[in-house]
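Please read the structure below before turning to the comments.
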Amino acid sequence: MKKELPIITSDKFHDECAVFGIYNHEEAANLTYLGLYALQHRGQEASGIVSGDGDQFFVHKGMGLVADIYNKTVLDKLPGHMAIGHNRYSTAGGNDLKNVQPLTVNFAFGNLALAHNGNLINAQVLRNELEAYGAIFQSTSDSEVIIHLIAHSRADTFLARVVDALSQVRGAFSVVLMTDNGLIAARDPHGLRPLCLGRVRSSWIVASETCAFDLLDAEYVREIEPGELVVISDQGLDSHRPFAKTHPAMCVFEYVYFARPDSRIFGANAVYAIRKALGRQLAHESWVPADIVIPVPDSGVPAALGYAEGGGIRFETGLIRNHYVGRTFIEPEQSIRHFGVKVKLNAVPEVLEGKRVVVVDDSLVRGTTSRKIVKMIRQAGAKEVHMRISSPPIVSPCFYGIDTPTKKELIASNHSAEEIRKYITADSLAYLSLDGMLKAAPGTPDQYCNACFTEKYPIPFTRAEELQLGLFESAH
Amino acid sequence: MKKELPIITSDKFHDECAVFGIYNHEEAANLTYLGLYALQHRGQEASGIVSGDGDQFFVHKGMGLVADIYNKTVLDKLPGHMAIGHNRYSTAGGNDLKNVQPLTVNFAFGNLALAHNGNLINAQVLRNELEAYGAIFQSTSDSEVIIHLIAHSRADTFLARVVDALSQVRGAFSVVLMTDNGLIAARDPHGLRPLCLGRVRSSWIVASETCAFDLLDAEYVREIEPGELVVISDQGLDSHRPFAKTHPAMCVFEYVYFARPDSRIFGANAVYAIRKALGRQLAHESWVPADIVIPVPDSGVPAALGYAEGGGIRFETGLIRNHYVGRTFIEPEQSIRHFGVKVKLNAVPEVLEGKRVVVVDDSLVRGTTSRKIVKMIRQAGAKEVHMRISSPPIVSPCFYGIDTPTKKELIASNHSAEEIRKYITADSLAYLSLDGMLKAAPGTPDQYCNACFTEKYPIPFTRAEELQLGLFESAH
Amino acid sequence: MKKELPIITSDKFHDECAVFGIYNHEEAANLTYLGLYALQHRGQEASGIVSGDGDQFFVHKGMGLVADIYNKTVLDKLPGHMAIGHNRYSTAGGNDLKNVQPLTVNFAFGNLALAHNGNLINAQVLRNELEAYGAIFQSTSDSEVIIHLIAHSRADTFLARVVDALSQVRGAFSVVLMTDNGLIAARDPHGLRPLCLGRVRSSWIVASETCAFDLLDAEYVREIEPGELVVISDQGLDSHRPFAKTHPAMCVFEYVYFARPDSRIFGANAVYAIRKALGRQLAHESWVPADIVIPVPDSGVPAALGYAEGGGIRFETGLIRNHYVGRTFIEPEQSIRHFGVKVKLNAVPEVLEGKRVVVVDDSLVRGTTSRKIVKMIRQAGAKEVHMRISSPPIVSPCFYGIDTPTKKELIASNHSAEEIRKYITADSLAYLSLDGMLKAAPGTPDQYCNACFTEKYPIPFTRAEELQLGLFESAH
Amino acid sequence: MKKELPIITSDKFHDECAVFGIYNHEEAANLTYLGLYALQHRGQEASGIVSGDGDQFFVHKGMGLVADIYNKTVLDKLPGHMAIGHNRYSTAGGNDLKNVQPLTVNFAFGNLALAHNGNLINAQVLRNELEAYGAIFQSTSDSEVIIHLIAHSRADTFLARVVDALSQVRGAFSVVLMTDNGLIAARDPHGLRPLCLGRVRSSWIVASETCAFDLLDAEYVREIEPGELVVISDQGLDSHRPFAKTHPAMCVFEYVYFARPDSRIFGANAVYAIRKALGRQLAHESWVPADIVIPVPDSGVPAALGYAEGGGIRFETGLIRNHYVGRTFIEPEQSIRHFGVKVKLNAVPEVLEGKRVVVVDDSLVRGTTSRKIVKMIRQAGAKEVHMRISSPPIVSPCFYGIDTPTKKELIASNHSAEEIRKYITADSLAYLSLDGMLKAAPGTPDQYCNACFTEKYPIPFTRAEELQLGLFESAH
């Protein structure tokens, strides 16, 4: 008899989105498409582009990958000299097209479109207030709150309304707005999510990461700074600092896992170099005698190379990744066993047989994937398996835009390293220390948000927020 | 004004297909789906599964990737205890569903399905003869000839008809047939394409490569030998040697590029190890003083690791690959430049700046991609760029199932290595020697087909075939 | 060379929509589907159903015909004991799904869905005011104004808010609302559009016409009266009269053309009987010696039968209608002539040859279709063609929910009957008189809106409305 | 709890198909589309067009209605100066696209396409023989036999092969073939199905019925005669009589039900006039005192008019038909009753109440629909219901292309008229007599096939055919 086919999901953190915007380019939508394509790793669930010609907006959205959603016919229907785009990871709020960004509305000031990366911790509180005033929400996305705050603001100018709105939201936002007159890009005062400014000839570009600029042969100008708001119009670019000043708290996990290795974010050099440094530091902290170092591909490769170099151990690729795995791979039921990570990874016995193996991964969330990987390596004949993680134990969920499991599901929040080692059946397990991680990251330690490793959230929660985010228990 | 968006195509050889078959499993179609999924790299244009319950056949075919074509609903409509499947690369004969394999017919002997990897050099000659006898072809695929030869054979038994048919075709075939009674798998006398035999509990499996067995937790039993034909039915497995004996001529390019690194083919160990050996041999033959060795990912990775180890030079990943690139990526027109390889690869300046770089690729076909890669590396700041190719110059097209460009388009067929070096703008260029390649490959040199490197085709062409394959000029 | 293929559109008035609602039935969505199916003639562009289980709403909408939009799978995903539905005719506001009703929102009071038949003349004025208060509209439909008025109302209870909202809108509304607690159905004080109340066992039903009840084997209870609002919940049915009282002004054109002949609307008997009476009256007013009376099928059939009976002339069906004509029939370009009405109608020479023919149609809008029909009849051999119209000349557009052409396009608004006769090339042309029409309609003449025949609009326009509806010129 | 929703199917005979062909027109595919549109009533399950430019064939096929399958984009991809088309009714052989005609093949003589109306009684016998010779069939359609017979013929010319092939098939065929050189149209020696020849300017047209010519403004030239084969090419039109001569046996049921009332078929005048004559004859044979005569719309209208005129009783439309009923209407389950014919028809109580009603239908197959109609009329208040059928009792299935139920399901094959009257609960029931029907039909009685009324089949069955058609029992 046939049985249910379970969906295989990843045991990884996932970022919520990528944003992109371009002004003053005759092929604005085409370049937005390319930018979103380069930013695909930040959101693979859905994508949208809104272009504008100063008079009208043109919209296309779809579920799936950038390369599948857009084609020549679609792009030809997105004319105009400016455009913004968005890739979305999670289906928070249902996998409905109405939750796919950019959100667009027509209101008293004309057309408005919004693309938002990050998460607002007071979204529900604000939504309740706005609804009490008669606001009607189209979506279940927290980002729509920003639009209603702009619409309900009593400030005189559109810019003043945007500042008014963004001053009321708390949490993470790297946001790009488009009106009939141009773009506004803004980053929350803590700068939790990245946002970069670029330029190709006479066009301004904003994007979550610089890998989007590289594909467009655009020049990387600088970061949009934490707390900065830039207005891009036919008057050129104007920078504003409208929010109360505070210390930066940039997401260190962007370095560990999210950002593409060839991107520069937070004003630093390529993420690849930082990841190699994390691996070197890891070798320094927890070296173990071994024959080979292998990465969990692809995200573990730079750290594994760093570990191999720093540790003087040979680098090998003992796990082969199937790059055709879709997000909806279904697993036929079999009596013997579940497929798990096997549809993504396959071990190479010729590499592993009889070897003492160090396997390097960037992070360890629930432990289920690591357990399967250790077993797969051992089954291929490895003599010893030493798991090394190029970041500290994750003990606490993120509320700023990363789709983490609950505290209960984070294995490190309620198990010791030795308990985890036993669970994943490794011969040894070592995490990178917090200090070690911050030493490998550029700049000063206090400029980063480490809440997922430390439970120290840079933005204090109000009681209402604690209740709505289900934080009450975890706070005690 | 908007312009045409050109399609970006790869500058790589491509194999024609993957085949898979399973007999005596209650979830035959589910396992075929998984097998095709693991064999996705051998054909990404289309896929099909035909299952059978001894009485009826059930078919599903589609254009695109395995993960997109099949889902639970589709697989539930493919009942039965046996199934065969096929992934197709090229659109030779039009991108029509009717050319998607397995081909199925209902004829005097009942139901028949066929999945074929390889190319028949006398297909057109045979087709003309069959049509003169009243045969009506459904597709433009060369594989359909085999079916009509079976239908028109005057032999008594079905097996005798299959032997009769396969004895008439010349060229490469690794073929799996399904009838209401079971499977027949056969490999041409030269064994040009791989075909492996496996077993999971009481079910027999055949597949192009062993990576399909690994995903199913199936056991690798052995190769189907060149010239062997096996019959799988409720009588078990019977092996036959019905064809005139000849020397083997297995495609060495399977080692160089096609096969997945974790597969075993041609009875040898993992392809990964062979590729590393090719890289080591390359370092031995053409070492150059350098700071780092980088691969052209993903196919160049094992050879680059071998070169780095053998050459004592540091391995780095200086080119980052975007794994989301679809086969139909469209490139917006821009005045300045074309995108080319940039949508797939991006250089990391932090790795390359100021360095003497050895870049290792598996093969060099037209030279256009290599040229772009060299430029990209230099633009990222490299001081020197040394291109190393882990196979000899390709001088001649393949007629046995690989979709190669014509002789005219193969840069090495009419240019010296120095001319090619100048064209790709590298500081130096070296290919692996033919002897070196064959030394790194397991077994004796004479068991391989090297026609693409040597123009020595293992199967002599008749005059009619030369004319139909457009070989006349090239033969003189 | 190929040329553009023009779309063939009808030369008929069209009503905007059908509404349906049912409460307290275990198959609420199934019955709504059947009801919408029976009401298909009132809107063929799009359809939607929203069901509710007291906690959640479930929605399905699509473009096209009811029979194509819904199927078992879709209906199974619409659980709950109550549902409302809507068929939409026009694409006013774009053919976007977001304009397809029922509109649904989640606001401070929970879930709300709305289905509206009719047109509001102060919608734009109200929308401007609401937007100034920060309201963000999802659609371009006038109906959405009602929802925002409810959301912005400061009244205490939900019912009070609905009354508050409906008291502010001016124009035609037969509206059905659904909340988590039940349905509210209301009809504007003039009762411009029909709305009927029915019952099947313990379930209440509301529908635009009674033909929906017949299909469900439901009992016709009575009309929802002009100015009445009924609340249907687990408390049963409550009737309210919350609006300022005024005289009724029911659309007489429902009798002439819109309603299905087997429906009872406005509390009267079957429309079929009224249409026959219009035809009899027409024969009385404008009899002409003839051999046969033929209808323009299907809408002209009852009036033609009335004319034939009243005039003592033989009834024939000399025009055959092709019922497979889709709404998107495309007409290949030909040098000789345009197809026009020919794709819908074909003349039968055997019936018409040598005859003096009276052809009866229900109305004459632009005259282009009548002209083609007269020609077609004459080409089939008719000796004389006498056109008879079972309603008065249409001189003025409707602003209460019927999609009429502008005054300029209405041939009778600027041409005499004799000019029209010449244009349509008939031997004679006669309209039914206004008095004659009102004599055939049940009840007193002053209970109907005849604005399209008389330019006397029952609801006076404000200056702002005149401007926005483009009435300025026509008022002078 | 939700239950299964049954599909409502019609209780009517259905014809298998419509064929169309045009030669020498720059918009051949466009006109074929229009022709198929006019012939929609002969097949609503699927449709296909194949066009040719003398070199290549271009194909489009789909499931559903003509208006839904074709659009401008599709038609633009069907270039060439000739085309043939086909509408298909039944899903005999599965609802697969591969069974949708025109069938196309590429064989020794080049391209060939075939559209066939009718049914071959020796198709299975011939198929078995062909398969024994190695023929491979693409479809399960009987029509494909003709193509293989052509391909296997040893005759010298293509025309000789077609004659050879058509001389071997027995049964009904009105067939249109297209090659790269032109069209061949042929009708079986009995002329069971209609086939008409027309002309528009310099283009020849063939079509199942003349209503296709009317829509194209084409001239009706004449019938293709029983046993005639015409060749249409750039040499003009050539008529051949290659088959053994026999008596005609044209399907009289085309007059009773199938053909469109405005068509001329079998060389006679409009079907409408014949149907009225059938109704007049019916009134003559079985007059009954009554107040009104009503038709079962739409097919019963002409006969009801004839009955009303001939019987001196008033004609009314007491049943209203919903023309939006799709072929896949699904019926929600309800405890009380089934919907049956109610989704198509609704009674008008105002017309029927207190009346003695004669209801006229064209035929009575299983009796289930008539039973529901009688009940519906009585429920609407009729005092008496007299059912009159404008054809004789159907006692025997058709094997020449009409999709009839088996003998067992034909109520008249095993019940007396009185038993049927009781079953349908009518006050009286009368069929038209066989003699009466043949008197109303034009020409001599012996030129028609009346097998469904008389069990006298014009083509004798061989024993093999009897077995394969399941006739053994019925023959005894």
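All chains are identified by letter, namely A, B, C and D, in their written order; residue positions are counted from 1 within each chain.
The definition used in the following text is that a contact is a pair of C-beta atoms (placed from the backbone, for glycine too) under 8 Å apart; a residue touches a chain by one contact, two chains touch by 3 or more.
Listed by chain with UniProt protein names: A, B, C, D = Amidophosphoribosyltransferase.
Computed from a prediction, not measured in an experiment: that's the story for all the values here.
Farthest from chain C, judged by the mean position of CA atoms in each chain, is B.
If you average the Cα atoms of chain C and of chain D, the two centres end up 36 Å apart. Mean C-alpha positions place chain A and chain C at a centre distance of 52 Å.
The mean-CA centres of chain B and chain C are about 63 angstrom from one another, to the nearest whole unit. Under the contact definition stated at the top, not a single residue of chain B touches 2 or more other chains. Every pair of chains meeting the contact definition is listed here: A-B, A-C, B-D, C-D. Contact residues on chain B toward chain A in their complex (touch as defined above): 2, 4-5, 27, 30-31, 33-34, 37-38, 40-41, 44, 65-68, 70-72, 75-76, 79, 211, 214-215, 217, 260-262, 269-270, 272-273, 298, 301-302, 305, 309, 314-317, 320, 322-326, 328-330, 332-334, 336-337, 339, 342-343, 346-351.
Residues of chain D that touch chain B in their complex: 105-108, 131-138, 147-148, 151-153.
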